[in-house]
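Look for chain A in each of the two complexes below; its partner is chain B in the first and chain C in the second.
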Partner chain A sequence: MEDYFRELAEQAPRWNFIWMYDERQQGKILSGIWMTINLSIACVIFSVIIGVVGAWMQGAKSAIVRGIVQAYIQFFRNTPPFVQLLFFYFALGQFTPAVVGEDGWTVTPIISNVGWAIIALSFFAGAFNVEIFRAGIEAVPDSTREAAESLGFSRLQTYTEVVLPLAFRVSLPALNNNLVNLVKTTTQALAIAVPELLYQARTIWSDFPSAQYPTMILVWVVYILLVGVLVFGMHRWERAMRIPGYGQ
Partner chain B sequence: MTATAGWTPDQPIVSLKDVHKSFGELEVLKGVSFDVMKGEVICIIGPSGSGKSTLIRCINALNNIQKGSIKVEGQEVHDPKLDKLELRKKVGMVFQQYNLFPHKTALENVMMAPVLVLKQDKADVEERARKLMAKVRLQGKEDNYPGELSGGQQQRVAIARSLAMNPDVMLFDEVTAALDPETVKEVLVTIKELAQEGMTCILVTHEMGFAREIADHIYFTDRGVIVEHGPPATFFTEAKDPRTKKFLEQIL
Partner chain C sequence: MKLRTSLLGLAIASVAFGASAAECTNDTWNKVMERGKIVVGVKADYKPWGYRDTNGDLVGMEIDMAKDVAAKMGVELELVPVQSSNRMQFLEAGDIDLMIATMSDRKDRREIVGIIGPNYYTSGTNVLAPKAVGLKTWEDLRGKPVCGKQGAFYNQIVEERYGAEIIAFTGNAEAKQALRDRKCIAWVYDDSSIGSDLASGEWNEFEMPLSSEDDNPWGLAVPLAEKDCVFGQFMSGMQYNWHRSGALIALEKKWGIQPTAYLEKKAERYSDWLVD
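So, the complex of A and B:
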């Protein structure tokens, strides 16, 4: 196998599948994929939490709380995630405390570039999730809420037992879309040197221009598979949550 | 059921005095008063927009009122210090659109409130819920979701769901208005049985024949006031007010 690709690279200089026989390059690709997966999972989890909390805060009595959520949504939805990443890392990163190492001169900021990427991308996708969950909550008829209320449910019980389970089902397709976008947007973390898949692939093809085509193809394939797994999982979930005779 | 201090069963179980209710500029109820005794069945009829539904919703505090007083078992419903849970244990409500919880099975719909709100033992509640399902003739439909049931069946689940809380008074807000004609009867039969068992019922309805059959007293409302009232025997035949006459002519 390795010999085959080594030979291929010699015969066809533009088709150097270098990561098939060079251990160092292979390591870069694998660690890149691993970083992309971790980044995606962390951002998906945090952005969903931000979405649920934000949607709940949007229903708050206080106009100030609602205003803050609205400002957050407008800011993160209406600016490019790329700019957000740069801003978080280079601007806000300046103000976070750093830890000085034992040697007295190495300085490590307590939030790494990976940390900032997770924060920035979670807030970015979270802004959309707030709107997605809000739409789901609004889709639950007032009359269903009233029925719960007239049975003596408290506000919290009405929310957790009736409104959220129904809202969540309504929100799933839109959430699915946004999470697909989020996984793809993790590539932009290369702007702050997060060693995810695209970052690693780029270092390979700038070191070895002959590996450019194969590596680009590899990047395509990995993202198609990653997003494919996510979509498959979300569809399975949607189906599992389906209520017989409801919304069909 | 906890009785309110000072209230005895020989006093009206539900008592309205000069109830006024507005939505913004629009005054929907302009001074409505009536009393309901324990075990009585009363029907409120009247043209659309005359405030019937609003009236019934005020009785279990789904709507607030601007003026007047509504008492259930001697307890003022619109007292800001009222424990709404206490009120809702006493008053059950069935809606026009059933409003079942679509993500729960029929049996779970019936069980939810006693388990969550009254914190009763789940096994006991289930036993009672199954009996209630049988009572509304829905044996075998326990595990069906509301979306799999017909309108009439859903409405009977909604009645069972209210009864599971052991209320003293049941409110029915045009509960057959959204049903297919062939399923109206099965719901009316259920309500009739309840009435015959001595449940205090307040119904808003357009089913004149039914009102005539089961009501002890009929109230006719128009534009936010009670125009005329009386026992069904005389109400339908000896209406005096021109508005009542006109309404009855149109509907009978």
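So, the complex of A and C:
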């Protein structure tokens, strides 16, 4: 197998599948894929939590709380994630506490570039999720809410026990869309040197121009598979949560 | 016998010429001439070779070279900013006709784009590091975070040879900002570029403490198919004459670049082709 690709590289100078036989390059690809998966999972989880909490806060009695959520949504939805990454890492990164290294120069901020990427991308996708959940919540009939209230549920209980489970089902298709986008947006973390898949792939095809086509195809395939797994899982979930007669 | 040999030689020569004439379609050259405009890929973040001035215009030593090329061809010039990690793809895809973008002339790159000599410049690898750290040798980088730029061939060399942890950014601006923010111990790059940074007075707390390694000539490139055709031959002549006339040395001075022995040697060698 390794010999085959080594030979292929010699015969076809544009088709050097270098990560099939060079251990070092293989390590880069694998660590890149692993970082992309970690980044995606962390951002998906945090952004959904932000969405659920944000949508709940949007229905708060206090105008200040509602104003804060609105400001948050406008701030993150109206700026490009690329700009947010640079802003968080370079501008806000200045103000976080940091540990000075033994060389007396380098400082290691307590939030690394990976940390900032998770924060920035989670908040970015979270802003959309708030609106997605709001749409779901508004689809829950007032009479259902009133019924819960008359049974003695508190506002929080009504939200977690009655409204959210129903709203979640309505929101899932739109949420699905946004999470797919989020996974693809993780590539932008390369702006702040997060060693995810695209970063590693670019390193490889800069070092070995002959490996450009194979590496581009690999990145392509990996994202199709990653997003495919996510979509498959979300669809399964959607079906599992189906209530006969409600929606669909 | 003699006649036979020379006839045979003539036959071989005519076959060879015939073959190369058939191969040369000169597509790019003809396209440039037809539309009266040449599109040149240059750097936008590599002061003073190619960067944006305060008006946002692309200026620099390589832009001046591109201007000269357009003037000699009698066409208009359009500049397209490219990055280290995508410059060859731009040329391959035909988005640019010519690339003058601080590219090191490497063997594997010659298989993808048409790099022609004589090389117009050369530089080595060095680091920009804070004086406070007091780097002495390349070995001091082992296990330390070192900022770099995505697409530079020596990132890998420094990683493998000296065990530095390269954190590579997409542009020079981000990488240098990361160094200022103390996210890395040094910034690994071309010594010539670091030299101009130090001369600019904006990096007084910093130094270039190591001895340069991997001296590498820079190459401009035309599409691979045009390398041995009109365009490639023309660019080869342009570079030869830039060396011969001392134009490159003049540009070096104009842009405040530290004089390199390489250009002086080339100018001397080519100034009169009869002299050895």
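Please note the rule applied: the second predicted complex is superposed on the first by the 242 of 248 C-alpha atoms of A that agree within 3 Å, B and C clash if a C-alpha of one lies under 4 Å from a C-alpha of the other, contacts with A are read in each partner's own complex, and residues count from 1 in each chain.
The definition used in the following text is that a residue touches a chain if its C-beta (ideal position, glycine included) is under 8 Å from a C-beta of that chain, and two chains touch if they have at least 3 such contacts.
Computed from a predicted structure; not experimentally measured.
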Item to check | chain B versus chain C as contact partner of A:Gly93, first or second or both or neither | outcome: second
Checklist entry - Just chain B (first), just chain C (second), both, or neither: which does A:Phe153 touch? => result first
Item to check | First, second, both or neither for A:Glu161, with chain B first and chain C second | outcome: first
Next on the checklist: By the touch definition at the top of the document, which applies to A:Ile50: first (chain B), second (chain C), both, or neither?
Outcome noted: neither
Checklist entry - Touching A:Pro209, do we find chain B (first), chain C (second), both, or neither? => result second
Next on the checklist: Per the contact definition in the header, classify A:Ile243: touching chain B only (first), chain C only (second), both, or neither.
Outcome noted: first
Item to check | Partner chain(s) touched by A:Thr144 [first = chain B, second = chain C, both, neither] | outcome: first
Next on the checklist: I'd like to know which partner A:Arg169 touches here: chain B for first, chain C for second, both or neither.
Outcome noted: first
Checklist outcome for this item: The intersection of the chain A residues contacting chain B with those contacting chain C is none
Checklist entry - Mind pulling up the chain C residues that touch chain A in the complex? => result 84-85, 88-89, 108-109, 111-112, 130, 132-133, 144-145, 150-153, 155-156, 160, 167-170, 174, 177-178, 181-185
Checklist entry - Considering the complex alone, what residue numbers of chain B touch chain A? => result 60, 62, 84-85, 88-89, 91-93, 95, 97, 99-103, 112-113, 116-118, 144-149, 158, 161-162, 165
Checklist outcome for this item: Seen from chain A, its contact residues with chain C in the complex are 13-14, 24, 86, 90, 93-94, 98, 103-107, 109, 113, 190-193, 199, 202-203, 205-210, 212
Checklist entry - Can you name the residues of chain A that touch chain B in the complex? => result 141, 143-144, 146-154, 157, 161-162, 165-166, 169, 243-248
